[in-house]
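Notes follow the structure.
Letters A, B, C, D, E and F name the chains as they come in the text, with residue numbers starting at 1 for each one.
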Amino acid sequence: MKRNGANGVMHTKKKIEVIIEQPASHLVTELLDRHGATGYTVLSAATGRGSSGWWERSPVTVARQQVVIIAVIAPERAPAIIDDLGTLLQDFHGVVFVSEVEVIRSERF
Amino acid sequence: MKRNGANGVMHTKKKIEVIIEQPASHLVTELLDRHGATGYTVLSAATGRGSSGWWERSPVTVARQQVVIIAVIAPERAPAIIDDLGTLLQDFHGVVFVSEVEVIRSERF
Amino acid sequence: MKRNGANGVMHTKKKIEVIIEQPASHLVTELLDRHGATGYTVLSAATGRGSSGWWERSPVTVARQQVVIIAVIAPERAPAIIDDLGTLLQDFHGVVFVSEVEVIRSERF
Amino acid sequence: MADISQLALNNLLAPMTLFFALGFAAGLARSDLTIPEQIGKALSLYLMLAIGFKGGASMGAGGETAVLVGSLVAGLILSAAIPVIGFFLLRRTSRLDGMTAAAVAAHYGSVSVVTFVTAVGFLDIVGIAYQQFMVAVVAVMETPAIVVGLALAHRFADSAPRDSGARTANLGRGHLLREIFLNGSVVVLVGAFVIGWITGKPGLARIEPFIGAPFAGVLCLFLLDMGLIASRQFAATRGQLTLPVIGFALYMPLIGAALGLAAALVVGLDLGSATMLAVLAASASYIAVPAAMRIALPRANAAVYLTLSLAITFPFNILVGIPLYFAAAQALGFP
Amino acid sequence: MADISQLALNNLLAPMTLFFALGFAAGLARSDLTIPEQIGKALSLYLMLAIGFKGGASMGAGGETAVLVGSLVAGLILSAAIPVIGFFLLRRTSRLDGMTAAAVAAHYGSVSVVTFVTAVGFLDIVGIAYQQFMVAVVAVMETPAIVVGLALAHRFADSAPRDSGARTANLGRGHLLREIFLNGSVVVLVGAFVIGWITGKPGLARIEPFIGAPFAGVLCLFLLDMGLIASRQFAATRGQLTLPVIGFALYMPLIGAALGLAAALVVGLDLGSATMLAVLAASASYIAVPAAMRIALPRANAAVYLTLSLAITFPFNILVGIPLYFAAAQALGFP
Amino acid sequence: MADISQLALNNLLAPMTLFFALGFAAGLARSDLTIPEQIGKALSLYLMLAIGFKGGASMGAGGETAVLVGSLVAGLILSAAIPVIGFFLLRRTSRLDGMTAAAVAAHYGSVSVVTFVTAVGFLDIVGIAYQQFMVAVVAVMETPAIVVGLALAHRFADSAPRDSGARTANLGRGHLLREIFLNGSVVVLVGAFVIGWITGKPGLARIEPFIGAPFAGVLCLFLLDMGLIASRQFAATRGQLTLPVIGFALYMPLIGAALGLAAALVVGLDLGSATMLAVLAASASYIAVPAAMRIALPRANAAVYLTLSLAITFPFNILVGIPLYFAAAQALGFP
């Protein structure tokens, strides 16, 4: 199998980052599952601020806790996922942003 | 309200990522507040290395702890924010990098 | 020293993000060291899913734990690093993606 | 029978209350003191495990079944009725939207286990016993309020939920039900109760040095943390709340306590248990209910219900409410 | 001599077993109950520190050196032999690839300290003593299995490791050796043992209120956590495992226990220590070995070995195995 | 009166010292042992709460006011004077830049509460009492050193702070003041002291099983963690420090201890309290001061001051300093 990185054979994918309140995070991961995303990674944030005000990690409740969900996906899946995320974010606190990334091993996304 | 994602109506914003030592993190968030950023999210890193050497989370002191601050902002706010961050980072340990992201719901940034 | 941000003097670098299982994370950071990366930051993820299934943080073992390693590097270093990361990821669970970022203080990368 | 100012003083000068006050003051002064988050969670799990286990292990072998059943029914009714009262009071007196008012109301029907645990500490100090099955009443009161709160929201909310909301709610339903019926606090409390009941005194003897003797000290540390959390929640939303809304967080516990004492009279509870029922009715949830509301009523304003239950009602009950409800129960002549 | 059904019942109705069952049930029911991760780690450190220190402080001043040495040698041999047996059984009965089979086999040669600690709790309940040097046997059994597992993988793996693998293995070797010989659990266990041994009874007296009296309660809380973790691991991989593989996780502990008892006969151990050796041989690692395997055999399927050791064998040993091995030791007439 | 080699041995063979050594060795050997970070924070909070509360609860009802005031004043002066001495010694003997030298000096004027707590453990072992108000002296010594350190930096720093620095410092001032006067350790220590003082013996009786009996064991676990942290800090910066700088971290505690004993003579302290004052003067902060310095003197090299205070001076005091200062106090004939 040929090494690609150095040879410039990299593939453009979409990186979707969703920052959303933890109680709704499973809605996002289920949405990604349904749309055939091959993977995602969830990070738990420490503190933050948005239109719904300031929050920080709390030992008593996850109600305000935000998580960052990162999913790198094939570009053709992006529009439908973003569309559904938009719907979700009408109800829940959070933001979504999308960028382009290069990957090796295109077949994994 | 019209769904946009799928229809290609997405808006380009700037994503600013600041990695900075925790004792100075409030200087960054206050700076973002002053410049009218609509939100930010702070993650606490586990370990890292830079020009000031290697560090890891410590139970005794936050002196070396680094945090990652993510803020997606309207592009017109970016230059002034970056300028001020540059000034701040003359004193404190950390790095800042900027990239473009696409968002839905442009009015929120 | 001249302020740059506002004046548009920013420099394009490569941002490499590696999501990899924690037991192998030191292989990545050592690889970055060898290739002359000037710094990196490691975040510990909370949960995720990939081709090897779903995982979450566990108090008993770090075997499935994933970490996110972020390194902003000079573009000329990128191909060799990506090449070696590709080799590493033949064995270990994880993904790597690369994007462009703008920085101030070019000399630090 | 101690008089009320004596009781108030006893309560204010107890280590647990003073540690709560220390945390509250440190938070207001913006000290960087923090109890690590996972430690706070563990302390709260410990308290529930301990209270549950000791309750189960000390349950009488039978006997007072009527009072037990009566208390459970009373708990159910209080939990369901208080949100209705709270909702209409809020709608009358404040400008909160319907969603948020319903969510707030649900919090007050449900209970704060930490307030309950602090009341255990208070009764211990004044030397009054209570029926161990009150632990089961805690569990029973946790959820009806949530169901009633949702019903109020659906019946009286200003805006019809959008289809997105409906889709979401649909997706999240299984999750919500688990959130409501299997939330961690209730599982530990009830589970430890059952285990305590099965293993009885010998089981208690084995783990007493862990759950018994250190209990009061752990409670102090946890209340220090609660003080910090409450005052930070308060500081973060200061100014966003109108006076009628803040007032609600102060008079609603009194209404709840009064209803609780009335129910205790009907059921025929003793002094300690009546105080406990009043405390439960007066307390507002800030663990299970907020998380459930984020899923079920995402458009309700979380800052409002968290501030009211956690930053106003909780301190009120700890500092003033518990001795007050006890004094009222004394005055009402509970045996 | 208690009969086996009585022992089984005693075990099932002990608080620690019930808390494990509570956690397991809560996990299966998908309750949101979680013990914070760092708390779980701390509880496990505590248990190892306590077991190690008490073991060291109670070591007899000399005497039974032959039995001690014999036990250590027996531990070494068991740890090295069990992976070989396990590997060939897996290859015969299942379709697991060679890498994964070798990795799984290594887990069963190594030990689960928590299973050991739970057996300590069990022996305490039935009132049987054991030799404190068994703690040293735990440490000795941790690593030979890893070495044998790697040898099996290199000898019998279906595919030659690719050069990338070789390069990687090379890079990671120092790390791997530390993972194997200096993993945290062993360091605390052995370190505390040595400190206990140096400071003796006076040292023990100083810290007994921390490591002694609360021990049983802490074990309950930790087993609650282990129940949650085991059932979640099980749920996450349910359906990926074939019956022969699942079967392995149930009969391999029995084979291990049988070998352990045989070795105990040879060495001449007493009833309690023989039970302990059986438990060690029957238990499978899920702390040190998985992490080592991720580095040494990264292509082995982690979901398989974690599910077998953590989600099947561990619960089996806690609920059924420990009293069974004890009953078998009784039946074999250990003194 | 025990002789010094006996004292040294007693100290080295105490469980707490051995656990520290175990952690230090494990860190140097690069074992993967770690005490979870939040657990470490919680242990340290626990120790401060316990020391503070017990101190407050045991305060004599009045009496020795002159000695109390004298000790507080001595603490203030020591905390302010030591940085000046340290700064000029560093500038004379090393090539550290002015900023970093000032920051290091501030650390040595301030105190390490864990060293204090370990000294409490040591005095307990040798059976010598100390005045409970020494806890208040800890609090008093925390901050003057910071102020003096900043003054030294501004007066003697090689480079004028750039305007960016000025702007930053301006922005951060409120934060800095809180960092200095309301840092978490001091708040818990002083707060618990005051609560202990208010609630007295009855309060202590209630929470003694939490803060009293387990104290020595918790200290062992925490010192295990401190050993790990200290040796990792040492490993991370090994080679960056010159010999004169390393030497400073070994002789400066001796100077501090000597000054502390001199002040104790003037004030008229007893043997235990004099040892404590020496320990405080000899110890260097690694909790509050580093965080304050990152804000106030961001260009000072954090690796230097953390390594000196945490990785050299702290172990030195634990292993050698405490028994040495005690022996010196004995030799000086303190009553």
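One rule holds in what follows: a residue touches a chain if its C-beta (ideal position, glycine included) is under 8 Å from a C-beta of that chain, and two chains touch if they have at least 3 such contacts.
Nothing here was measured: the structure is a model prediction, and the numbers come from that model.
K.L.:
Note the shortest touch-path length, in steps, from chain A to chain D.
P.N.:
1
K.L.:
Which rotation angle, from 0 to 180°, best lines up the CA atoms of chain E with chain F, given as a multiple of 5?
P.N.:
120
K.L.:
Based on mean C-alpha positions, I'd like to know which chain lies farthest from chain A.
P.N.:
Greatest centre separation from chain A goes to chain F.
K.L.:
Where the CA atoms of chain D average out and where those of chain F average out, how many Å apart are those spots?
P.N.:
Chain centroid spacing, chain D to chain F, equals 41 Å.
K.L.:
Between chain C and chain D, what is the separation of their C-alpha centroids in Å?
P.N.:
The computed centroid separation for chain C versus chain D comes out at 45 Å.
K.L.:
Among the residues of chain B, pick out those that touch two or more other chains and give their numbers.
P.N.:
43, 87, 99
K.L.:
Could you say which residues in chain F touch two or more other chains, in rising order?
P.N.:
Within chain F, the residues that touch at least two other chains are 35-39, 41, 179, 214, 291.
K.L.:
Which two-chain combinations touch?
P.N.:
Every pair of chains meeting the touch criterion: A-B, A-C, A-D, B-C, B-F, C-E, D-E, D-F, E-F.
K.L.:
Show which residues of chain A lie in contact with chain C when the two form their complex.
P.N.:
So the residues of chain A in touch with chain C come to 3-6, 8, 10, 13, 15, 29, 33, 38-44, 67, 70, 72, 99-105, 108.
K.L.:
Note which residues of chain B are touching chain F in the complex, please.
P.N.:
That would be residues 21, 23-24, 26-27, 30, 52-64, 87-88, 90-93 of chain B.
K.L.:
Which part of chain D faces chain F closely enough to touch in the complex?
P.N.:
Residue list for chain D touching chain F: 13-15, 18-19, 22, 26, 29-39, 125, 213-218, 220-221, 224.
K.L.:
Which residues of chain A touch chain B in their complex?
P.N.:
Counting only chain A, the residues touching chain B are 17, 19, 43, 45-51, 66, 68, 79-87, 89, 95-99.
K.L.:
Can you list the chain E residues touching chain F in their complex?
P.N.:
Residue list for chain E touching chain F: 36-39, 41-42, 45-46, 49, 53, 178-179, 182-184, 187-188, 191-192, 195, 198-199, 203, 206-211, 214, 291.
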